[in-house]
Each structure stands twice: as C-alpha cells, then as structure tokens.
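Pasting a structure below so you can have a look.
Chains here go by letter, A, B and C, matching the order in which they are written, and residues are numbered from 1 within each.
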C-alpha cells in the first residue's frame, strides 16, 4: 500500500541536508571526472610521450570516427554481439519465465538456482567458460568427443565468426536469468482473472498466450531489452578474460578498444574522446529506442 | 437415453484427453526447467570438480567428470603461492566497506526523496543516465587524478568510487521500500522529542530492515564483481579476486588449471550466498537493477 | 702460606684459561645475514616468473636474510602499468623485471649499477655473460643498468621418431621427391607441416598435426616473432634509414602469405596460443616440429610430462636459400632482465639481491628448472656439466643454442618498441584469422608504425634507429629488396 508523500513538518534545510552526502560524493566522483575527461578529450595528453599537452580541438574525435579502423571495427563487433545476444536472451528468458510461472511448488528455490549465473561477475563467467572452451582439456570438447559428436579437437576461437558465437553463448548464459526475472515479474502482474475468462470462452493455451500474455508483457519486455541493450554496450570484462579481443581483433568491443588505447598505448586524451563517442552513441541508441516505443504506443492507442 | 450415454462418453474422453495433455504439459514444463538448470548450473559443477582434481584427471581422456581422488591442493596452492587468501580478504573488505558506506549515504537521500520529493521526478532519469555511462568514461580521468593524489592501491580511494557507483540504485530501491509505510511512525517519535535523524535511525531503519538488507547485499556483490576499476586502480596490496583471476590467463589456462578453477570457485561464492539469501526478493527488488559490476 | 699460593695459582690459571677461551672461542657467526628481516618488492609479468624466484628464496634468506614479495602483473598489462608508474616518478617496486627490447623506454628509470658495484664490491661475473645477451640486456645509454634473467632465443625442435620412421620417409620421398629430414629452409618446413598434418605419423591411429606455433598477439608479440624469422631471412628489416617501415615490402608479404597458406596444418586454437600451448603439444608428441624459445628444451627433457625424452632433435631455425646459401635469422626475442628501480627506497638491499640471483649458481638453478621457462644466458650455463646431464641430449640442446648465436635478429630496440611490436603482431594475426588480406594487414601495420613514429618524434626515432641499424649491419643483417623474389 503506497502512502502518498505528505507534506511533512520540516525545516527548510532538512531535505537538502539529508541528500547532501550522496550529492557531494556524486559531484566529486562522477561529475567532476566526467568534466575533466571532456576537457582532456580536446587536448593531446599522451602519457607515452610526456606529461605536457596542448589543445587540439576536435582532432581526437575526427580521428576516432573517421580514421580509426580499429575503433570502427569494434563498433561493428559490438553490434554483432549485441543483436543475437538480445534476441536469444529475450526468447530464452521468456521461455523459462513461462515455464516457471506454471510451477508453484519449489518456485523460489528453482528461481534462486537459475539466477546464479546473473549474479556472478562477467569475469568469473568468462573464466569458467574459457576453461570449458579449452581445446584439449575443456569440458565442451571432451564431452563432444566422448559422445562422439566431435571428431578432432575443435577450436572455439578459430575464426572470427565462431569466436563471436562463443562470446554470444557466454553472454546469453550470463544474462538470460536476469531477463527471466524481469519477465517473471511482468508475468506475475498479469491478473489471473483474464486467463480464467479466456479459458471459459474456450481459448486455447496458444491463443491465451498470444492475445493476453504478449500484449500485457510488452512494456516489461521493452524495459528489459532497453536495460540489456545499454549494458551490452559496456561489454568489457567478459571480453578481457575470454578472448582479449581475439582472434586478431574480431571480438574487440568499443569499451575494450578504448581501454587498450588508454591503458596500453597511454593515449589518455584520445581514449577520453573515444569514450565520449561511445556515450554519445549509447545516448542516441536509447533515444531512438524510446522514440520507437512512443510511436508504437501511440499507434496502439489509435 | 443412448444420446445421453454417448454424450457423457464423449465428455469423459475429452476429460481424459485433457488430463493427458495436462500431464504432458507438466512433464514438458519440468523437463524444460531441468534442461535450464543443467545449462545454467552445469559450468559451476564442472569448475568445482575441476578445482578438486588432485592428480592428472584434468588431462585424462576419456574425460573424468568426477574426480577419483578429490584433493584440496589447488586451493592450498592458491592461498599460499598465489596469495589467494590476501586477495580474498581484499575483496571481502572492499565489498563490506562499500556496502556499509552505500547504505549510510543512500538512506538519508532516499528518505529525502520519499518524504519530501527531493529533486522532483528526476530520480529515474538520473538513474537511467548513470546506467548509460560506460565505466571506461570514468576510469580515465579518475585514474589520472588518483595517480596525482597517490590514491591508487588504496582502500579509501576504491571505497569512495564503489560507494558512489551504487548510490543511484540503492536510493531507488530504498525509495520503494520507504514509500510503503506511513510517515506517522517517525512523526510520533519526533513528537516525543527526538530529532528527525534520530527518528530515522531508531524508528525507520528497523522497519525497513529487509529493504536495507537487499540494498546491502546488492552493493556487496556489485563491488565484489567489479572489474574495470579494480584492474586499473589496485596494486599488490589491494588486488581483488577478480584481478587475481586474470593472472591465470597468460600462458594458457592448462598450466595453472587448478589455481584458475579454484579462484573461480572462490570468486562466485558470494553469488551463491546472495542468491539463496534473497530468494524471496529476487523478482521484486533485483529484477530491475541487475548485479553486474 | 703454600696453600694460599696454590689456591691463587689455580685461580689464576683458571682465570687465565677462561680469559683465553673467551677471547679466542669462535664468535657466533656474526649476522651471516646482514640484511636480516628486510623485504623487497619485485614485479614480474607471469606466475612462472614468480615461481622462479621462489627457487632461490631459501638460499637468499639464509645468506642475506632478505625476503622477496613478488607482484604479478599479467603480461598484457605489464608494460603499460609499469611504465605508467615509472613515468609518474614513483614505483612501489624495488626489483623490476622487464623486457629488454623496451630498454629505451625503461632505462631512464633504472638505477645504474656501477656506482653500487664499487661501493658494495659487488660481483656480477660480467665475463660469464654470453655476448649476444650482454649486448641487449645490460646497458642504457652506455650505462650498466640491469642484469639478464632469461635469455630468450628461438631454436628448432623436432620429433626424431617422426623423421626416422621408414614408413614416413618413403611416403614423404614419394610425394615431395626429396629425403625427409629436419627442415633447413622455409619451403622444407612448410612441406613437412603439410606432410605431417592430419594422420598418425607416430604409428598410431590418432589425427595429429603438422607443426606448432604461437599466433596470439598478446604481450608484445607471439605471431610477430614467428613471422620475423621468415621476414628477415627473405631480406627484410624493420625500417630503412629514414624510419620508413619496411614490413610491407615483398619480404614481409611473402613471409605472411606463406604463414596464411599453411594455417590448415597447425593445431586448432593456434590463433590464441601463447608460449606454452605449442610446447605442450610438442612434448606430448602431437606436433613433430616447433621453433620456439629455448625453455622448450627443458620441457622436452622433463620426464614427468614429456613423451619425447631422448627422442628430440635440436637445431637452427630454418632459413631461406639465397643463391645457394642458407640465411638463418632466428629471433632473439624479449627475454627478461632484472633491474633496480631508481625510485626504490631500498637500493642497497636490492642490489645485493640482484647480485645474488644473478650469480652463476643461483641463475643456473633458475634456468635449469623446467617449470620456470627461464633460459640460459651465461656461458657457464651452457657449459655446465650439470645442465648437460639434466636430460638425455641436453648437451645437443645447449650446443644448438650456441650454434644460433651468430645469426640472431633482435627486436626493434627503440622507444615505443612495445607498441611497434604489438601493432604489427595484431595485424599479422588479423591476416592469419583471414579477417584481412596479407597485403592489407601489412600496409595497415606500416601505417600504424608511421603514426607511432609521428607521435614519438620522427627525429628522435630516426636517431635511435640509426644506431640499431648500424649494429645490425655489423652482424650482417641488412635489407635486401631482391631476396624475397629469389629465395628458395
């Protein structure tokens, strides 16, 4: 039961005082560094050359967007990883959520068990899977050979295409439970009376799903997809441990390439500019997504 | 008469068919969930058994799935040679400190928003914007500043960052919990003479303790899992479990398979603990936040 | 009266004896541990390097009372993290491991050794250091700043039974029209890799592989080290006198194209292989050929994991046949050196530790152990009887190492060496992964190299490279534009 936020008796300064510690910290740790980074992105601060730097205008941005093949390649790689991951996470998450919603006994424990992959660090997930993908002693190849499916050892990172698939698999394993939770929450908010009524009217399970479940789940799905989409653009730790961008540069994501630029090549200003290009891109993506949602809603309402 | 018998027969047949479908449906459901469990928990099973393979089982073919002579020697090696104990403690200390700090800072802020609508409706937007920020945009300036201030390889420096990173989500959760009960209770306490702050601490906190526990566990595990800041800002004394894992990736994972798998097992322990502790709150609280670092 | 004197004399006698005894009794060994209780901090780039230090820690403690606390920074982040620390004017470490090809970037952060050698009367047994390593691992701008720790060069290993089986010989002769023998040229190497791939050349039913290699572009290399030997033997060099990159000349192209063409004969996973995976395959009898670091030899002879103990051959890395003469260009790759940080607060202790771990006996211990991956770098290592008897044919292994010394090709030891190597290695693996055509990959690398030169200052780079160019010329290594076409 939600209680409306009343106008409580208060002293003028109280709201601000209560919120000030976190405001101060946020200003210090987020706002200030972001501003500093923005400033740096217009200089040519390069630690491999020396501590001095000078103003170079938008040179870093033009280089990153127009002339850096590796960065553009990483944008493509990121997209190629995001698309199948999103689709699979949605489908798999929905499927499992539906199954879970039909189970009453033991649901909490099964849910808790299924959620665990989403609670481990992407680094741990990547390490575990990296060992499982091991060519000679990995679980997958060994199982495949034992079952007779594989003939020789298969290299799961032999070609760019296979490597991307391997990454997507780990991503999906890691994050489907999260999507499942979101969808489960959404499913539980659909009133059962609707199903009862439909059943009384003679609707089949399939019809019930199509005309009740899906439409009422649309909003939840949209929220889930948007959150996952934003998170996927930040993909870093998983790549670092699983492939380190390889083979070649085929699994380098935007965050990874930016990290290499800043912490291996020491080109801090350039990396700062890259990170802002990424932020800009994500902002754009989110706005487009929200706009699509808005269009869908107005069209549905009409 | 005949028609009545026929109709009831038809009804009976339909009922039986319905039951069969139902049973098939049940079977399908449980099979599906079983497959899901195998898929999502299988890797943990393999990693745990691998970490316990004392002899040459790791290299055996046909593969040995359950070690014949389980041994803890990899954990021993991890703790001694690779300083695993120290890094485990580091992760523990860092996560605990940020958990406490996040709570201490977020609770008043959430109170401010829940009771007085501080900041208008900006909270959700702020949350979204913050979530869109890739850590990489933050790490570069923070690294430079920290180096200048000598704050790398330093608990304080790291805790400050981790606290701030998880404020928005903690605040959002706490606002939800706070909104669920009336302010009359603390008003009553304040009439009795104590300040609002005291009222908050002594009256409100015990009531929303479950909510705070959720927030605490969330910050704990998010800090435990965090990687980018950890790898850039920690040094030999403050390295965390996440960074330790990366030292086993060079040279191929075959050589140090024991320590590598043992470090993974230790690194995922909190996830298991939190999952079980939060069973009931999973759908409600964590669904819309995630626990990734 | 007499009794008095006799008692006094006994007393005096006893007193005298006690005094004499007290004065001459061997004093308890005065702190044979002059630095008792001190700990220094070392930084290394892999777990096995940390392990190698544990081999000497007991003796170190017994002799000096010092303990070493070692931090491992993974190779991928090592150069970046350590240089970032040093460039900001401080470092939490006293003893620093580094890759000598990065000396131009590290050197100014190291404490020169000569003043300390004088002050503490240190003895680094300089005459015992193999000249080729002495050249790359000791000096920065003429000053002695470091000691070698790991002498990395490439030699070739082969599985003797694979080459001696009569059945294999007949099959090979029939297909390639010449006798099967350990390859001396690249063409022979590629033929052998093709021949051995995909069947049981050891007489078993297993599907084995053609040859081993490390193609992951991590740390500062792998794939580029493998390419380099071909490239130089086809007449290549890193830059010309004007800092124009020569990696995308015909020599580089031919080397890369051959590597791309022969990819099918290498084991799955080769694109992500770092140093150890192909060695494992060699010692487990799954590849018959490998050219790699000399530490491989120790694993070959390690009976607890190797199936080819006493059955392996050691020799020179293949070369190119130019006008009838075979030009070999085995790589002398980073290796490792140990130095004392200029910013250390415990320089004296660290100097003593450096002396200790570098002395012939302790360093022999380190380079002889199969799990350390450290390679011999002292003459006494190569001539040591203990080493020669370490495993069957160890003497032949040590001989192969010495045999390679006249032909070694170093890394481009100029500022930004690490970055040049990384970018090149990355492009080479892109071509091997078929993401780019070889020509595009090498052109891309050349462009990246130009960018690096531009950022570091073309004049500075030209000057630094000019020195190296002259050194290489003295060793007989020069760019030959015509070799790539006529090499056989």
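Heads up, the rule we're going with is that contacts are C-beta pairs under 8 Å (C-beta built on N, C-alpha and C of every residue); 3 or more make two chains touch, one makes a residue touch a chain.
Please read all numbers here as calculations on a predicted model, not as lab measurements.
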Per Cα centroids, the chain farthest from subunit A: C
Chain pair that, of all pairs, has the most C-beta pairs in contact: A-B
Mean-CA-position distance for subunit C and subunit B (Å): 43
Where subunit A and subunit C are represented by their mean Cα positions, the distance between them in whole Å: 41
Distance between the centres, which are taken as Cα means, of subunit B and subunit A, whole angstrom: 15
Where subunit B touches two or more other chains, by residue: 231, 246, 248-249, 254
Multi-chain contact sites of subunit A, meaning residues that touch two or more partners: 136, 244, 263
Subunit C, residues touching no fewer than two other chains: 76-77, 84, 218, 280
Subunit B residues within the subunit C interface of the complex: 81-82, 147, 153, 231, 235-236, 246-252, 254-256, 259
For the subunit C and subunit B complex, residues of the former touching the latter: 41, 43, 45-48, 50-51, 54, 69, 71-72, 74-77, 84, 88, 92, 218-219, 273-277, 280
Complex interface listing, subunit A residues touching subunit C: 46-49, 51, 69, 135-136, 151-155, 157-160, 243-244, 246-250, 263-266
Subunit B residues within the subunit A interface of the complex: 25, 29-30, 32-33, 36-37, 39-41, 43-44, 46-47, 50, 58-59, 61-63, 104-106, 108-109, 111-119, 128, 130-142, 144-145, 160-161, 163-164, 167, 171, 179-183, 187, 196, 221, 224-228, 231-232, 242, 245-246, 248-249, 253-254, 257, 260-261, 263-264, 267-268, 270-272, 274-276, 278-280, 282-284, 286-288, 290-293
In the complex, subunit C residues that touch subunit A: 76-77, 79-81, 83-84, 87, 105, 207, 216-218, 267-272, 280, 416, 419, 422, 426, 429-430, 432-436, 444, 455-457
